[in-house]
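To keep things simple, chains are lettered A, B, C, D and E as they appear, and every chain counts its residues starting from 1.
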Amino acid sequence: MPKFLKIYLPPVLLVIALFAIWQIYVDVSAISSSVLPSPTKIARALVNALPEIWDNTLVTLLETLIGFTVALILGFLFAMLLDNSLLAKRAIYPLLVASQTIPLVAIAPLLIVWFGFDLLPKIIIVWLVCFFPITVGGVDGFAGVDPDAAKIFRALGASKRQIFWKLRLPTALPSLFSGIRIAITYSVAGAILGEYAGAQKGLGRLISLYARSFNRELVFAVVFVTAVFSLLLFGLVSLVQWRIMPWYYQMRQFKK
Amino acid sequence: MPKFLKIYLPPVLLVIALFAIWQIYVDVSAISSSVLPSPTKIARALVNALPEIWDNTLVTLLETLIGFTVALILGFLFAMLLDNSLLAKRAIYPLLVASQTIPLVAIAPLLIVWFGFDLLPKIIIVWLVCFFPITVGGVDGFAGVDPDAAKIFRALGASKRQIFWKLRLPTALPSLFSGIRIAITYSVAGAILGEYAGAQKGLGRLISLYARSFNRELVFAVVFVTAVFSLLLFGLVSLVQWRIMPWYYQMRQFKK
Amino acid sequence: ACSDSTATPAKSGEAATKVPVETLSLALDWVPNTNHTGIYVALAKGWYAEEGIDLKILPYSEAATPESLIASGKAELGIGAAEGIVSAAAAGQSLVSIAAIIQKDTSALVTLKNSGLTSPKMLVGKKYAGFGASYEEPVINSMIKFDGGNGTFENITANVFGYEAVLNKQADFVWIFEGWDEIEAKLRGIDLNVIPITKYGVPDRYTPLIETSADVISKKSDALKRFMKATVRGYEYSITNPKDAADLLINSNPAGTFSNKELVYKSQDYLSPKYKEGATQWGSQTLKMWTDYPRFMFQAGILKDADNKPLTKELDYNKLFSNEFLPKN
Amino acid sequence: METISKIQINSLNKSYGTLPILDNISIVANRGEFVSLVGPSGCGKSTLFNILAGLETADSGEFRYDNQPFQPQPGKIAYMLQRDALLPWRSALDNAALGLELAGTPRKIAREHAHTYFEIFGLKGFEKSFPWQMSGGMRQRLALLRTFLTEREVMLLDEPFGALDALTRAGLQEWLAEMQAKLRRTILFITHDIEEALLLSERIYIFSHRPAAIREVQEVLIPKPRSVSDSGLVELKARLLSILKPEAEYA
Amino acid sequence: METISKIQINSLNKSYGTLPILDNISIVANRGEFVSLVGPSGCGKSTLFNILAGLETADSGEFRYDNQPFQPQPGKIAYMLQRDALLPWRSALDNAALGLELAGTPRKIAREHAHTYFEIFGLKGFEKSFPWQMSGGMRQRLALLRTFLTEREVMLLDEPFGALDALTRAGLQEWLAEMQAKLRRTILFITHDIEEALLLSERIYIFSHRPAAIREVQEVLIPKPRSVSDSGLVELKARLLSILKPEAEYA
């Protein structure tokens, strides 16, 4: 079996199986569509509303990408800062954690009151969602440096900068990417939460609209679209990771 | 300076500073309380509503703890399963990721339609929020086993079970705990999201109630309470981690 | 009053007079429905533009109520209810109703037919899936009391699906508008018991209505007048052309907003005659209506001030509403 | 001494990708024998051990254990890897006791048993130290102790004394020889020290450069215990060195 | 040969917690000298190097460099640690070039320069291999090459040849001696092999068991290049062994 089949076939088959069970369950139990619509009904609704959904998807993706990019840059810089100064780490880390414990549903309306119905509050929420995992991934990664390797670098007279680029960063990459993968997983849902609170356009607005108009099929359809785009972004990140640190995968593969 | 002061003073001072800036900003700009209430007003509101808030906090905490515990157990078991079978990993991992990309705001109402307004849907949301980081932390942790140590174990004729308990698990602990710390960070906010969609009691309901009755101070007060309890839980987990793997901290401390 | 607006001419070529364009934002209380028809009609027909009003209908927000959006200046206008205005006034926020969308209250508590819950006193101990306004609990309790029930109900704040929760038997009753939600249920073949609010001691009130703040009134009264002129035209048109108006409502919103167009037509047929039933002009309000209900609330001791204490002084009822923005005819 | 072939390898071949590592290797070790493998760095000695321990698979070759055909599998043979791979979360004592624990000995007893060897291994006083608190040689000794305590009939030791000074090394060599004489364990031993090989072995295999082939098999018949000054040993050492190291002087 | 004291340690003391490690150590190495440190495993040799390299701090003691008082700090002195600590994400070539890169040499040139040594170090053909694809000895050689390429006046080598067979070791010893004669670098060298120390050193310090004190300082005046069969060397070896190893035979 070719390699890519080995990798992609199992989840695809599993998804198909799950959808089949779902369809059969709905057909057999004759459960109301408003409680649980069947996959075929959802698919039909999706196809019908495709232009509308696509239109809104673009907005959501835009918010996601901007928020994520900002989080990536700031998260990375923050991880560096926290790693460099024990005082900063002690002072800021608890606040970072605290920032994540704030229920987004509570601040989403505030953001709207402060920043209106445009892209900004959504971008802020995406940022808030992505920033933490990236920062934590970075900080944990930097902390995982092999002490003997650090000795070597210091003994070789490496500057702080060099230690960072040539030792800390490569060491941190796996953990940093773990954080990035978590962030990207949640990013689209973050944008949708932001839109849900109030938006002119976007998948979150569609969900809210469809949900209030008892259009359960379309709600599921949009959720499905969300999942698909999130997974695409996730795949993209995994690909980048694979390109950036092939040694990591090779080593694991060989030594198992 | 005694050690505990060194650790706790910086964040406390930072928080105090932030609150002070906030207070001054509100006082100087005379911004409307409905846009941004001042810390002193929030504090007063908090004190007045304390019995009510405390009552609701208990409900939220209960949901959180049940959901988290279930996620901990299942996440751990899942991580084991995924680590043991490449096929399972390939088939299930993408679905796990997909499960996280589903916007909770979209399914929270569904859960209510399916399971009503009692604790169950909130517990499910907390579980959904916690399950993923714990599982990923576990899987990543298990994958990080030192190949040479694995050789040693196999050469020593260790059974799968022994390799698990005496090698994979200790190796995985740091990463697993990273996941658990992320999970606990989000758990309370998860419960609140669940309550926000519909609940008889709980901090989420209070937020929604207060938000609708123009009581911005109380919204902030409840958010504050949420953050405090989340941080307490976070601290508890950190403490457990510190007790379970002192070697990890000692090593890092010494070799820096 | 509109000095701060720019002098760019109205986009619509039909704008005869060179009035400066004023942007107004309107916050919805719900996803678009037939309560809002007149506004969508006026917008679609370009009547706001003709008046030099650039009306932005803000998307319905799960999170931010029209009241909070108005209070924070993010919206000038909102769809609200008398209950909301009265409780806001008690708490010190000055909202003003500038038009009644429907002259008579068409809202009601509903239960599933086969639940057998047909009057307020039977609701004691039952689950209510609310929409999260602070006035729901006192109003319903007063109905129960009026009906001779003693005790209270279980108040669940359901931000999202109160109505569906009842249909799926996760809650027992819910507060809806007959002109929309009840027709929806009928179309689905679901039978409901309807318990009208006004039948159980609660005085009639204006709900829904169009609200704004004292602040906006003092700054943009001219724009409000022009807004109301177009709005009246919109609702008048809806009254005479229900089918057309319904289509405009449907087409002004994203596909899928109305999963069942039949609902819009049926609802419009039901509401159109009611919009100004018993009034000389669409939107006009009387001091009597604005006194009876708030006084009832006050006397029942369920109005709370900003510190959540029972209000000790009656409100100035004249300040709760204004007819002065309606076109004089 | 009865000679029962304890472990036997016939015509073993192995390559990593296109890089040939082991070229037709045949080795025999009888019960209770001490067999050394000597060869250039990077030739394939550790790879051979990995295969014997069942951690890697050969491309071709035949194995016999107690004269029966056998497929190497983990757990059958004790193995001390070249890298110590001590567990950072276990104290020295717990690291040493690992093998026993894995064999099912209750932890307390395993520790007690392991502790009796700490003196001989020069680790007394470091029972509670963690690996990162120990010197390179101490870690190596700890790894050896862990392997020894595994109690298998056959032991593979990959440069167990590489990081030890002469004195410590001599002590452990002595201990190893005694232990083997008493327990009749069969030991395969990789070393770079010809003298060490000669002192301890019944047989020495000399490997060629990669791909490792067997250049020479040297039986050492000198009775044990041996001394570095035994004339037979000195002679053999000169012979083997001349094979390994064409010239021991600098030009 | 002019004798300028290149590096000098006076009365150095160090303990870990309550465990004394270094006890009043004084060492001197003149410019271009090769100085070996020999001592029991776990006595404190690596700790001494860590202190000299500025990676750990002494409890007390005085240091001089080029006869000036000096405070050890990282980067001044090249250091090859006992554990190789190669970077798993760098190929052999990139690992070797690390020191040059850190000194500011552009990556391409650093690699080219590093590559010229791969033949001598027996690593030819493994330029693109990753550390985990290399044998223990190859890793050690790579670590040595990395240290050498750092180009400092003083080098600390902690058992650089511990994992090498006699032939490979002899080749690198020879190369090291030539290199040193040419470049006049000052080398401090930890080894367990007395012969190696004698072949290479101007001076040998023999350490006692922990806490390490200096038991003996042996100047080696035999002219270089030396051979293991030089009579002076054989004599010295016997003397030193008798100090280190009371009895080289098994009882």
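By definition in this document, a residue touches a chain if its C-beta (ideal position, glycine included) is under 8 Å from a C-beta of that chain, and two chains touch if they have at least 3 such contacts.
Here's who's who by UniProt: A, B = ABC transporter permease; D, E = ABC transporter ATP-binding protein.
All of these numbers come straight from a predicted model, not from anything done at the bench.
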Steps in the shortest chain-to-chain touch route ending at chain E and beginning at chain C = 2
Overlap of the chain B and chain E neighbour lists contains A, D
Given the two chain pairs A-C and B-D, which is bridged by the higher number of C-beta pairs in contact?
-> A-C
How big is the gap, in whole Å, between where the Cα atoms of chain D centre and where those of chain E centre?
-> 27
Quick one: report the Å distance separating chain A from chain E, using the average Cα coordinate of each chain.
-> 50
Whole-Å separation of chain centres (CA-atom averages), chain A against chain B = 17
So how far apart, in whole Å, are chain A and chain D when each is placed at the average of its C-alpha atoms?
-> 51
Multi-chain contacts in chain C: which residues touch at least two other chains?
-> 62-63, 68, 72, 160-161, 164, 168
Would you please write down the residue numbers of chain D that are in contact with two or more other chains?
-> 83, 132-133
Touching two or more other chains in chain A are residues 34-35, 105, 109, 113-114, 147, 196, 211, 251, 255
What are the touching chain pairs in this one?
-> A-B, A-C, A-E, B-C, B-D, D-E
Okay, in this complex, where on chain C does chain B touch?
-> 62-63, 65, 67-68, 71-72, 87-88, 91, 93, 127, 129, 132-134, 154-162, 164-165, 168, 170-171, 307-308
Considering the complex alone, what residue numbers of chain B touch chain C?
-> 32, 34-35, 48, 105, 108-109, 112-117, 196-200, 205, 208-209, 211-214
Chain E partner, complex, touching residues on chain A are 146, 148-149, 151-159, 162, 166-167, 170, 245, 247-248, 250-251, 254-255
Contact footprint of chain B on chain A as seen in their complex = 6-7, 10-11, 13-15, 18, 34-36, 87, 90-95, 97-98, 100-107, 109-110, 113-114, 132-133, 136, 140, 143, 147, 150, 178, 182, 185-186, 188-189, 192-193, 196, 204, 207, 211, 219, 222-223, 226-227, 230-231, 234, 251-252, 255-256
If you look only at chain D, which of its residues touch chain B in the complex?
-> 50, 53-55, 74-79, 81, 83, 85, 87-89, 98-99, 101-103, 130, 132-133, 146, 150
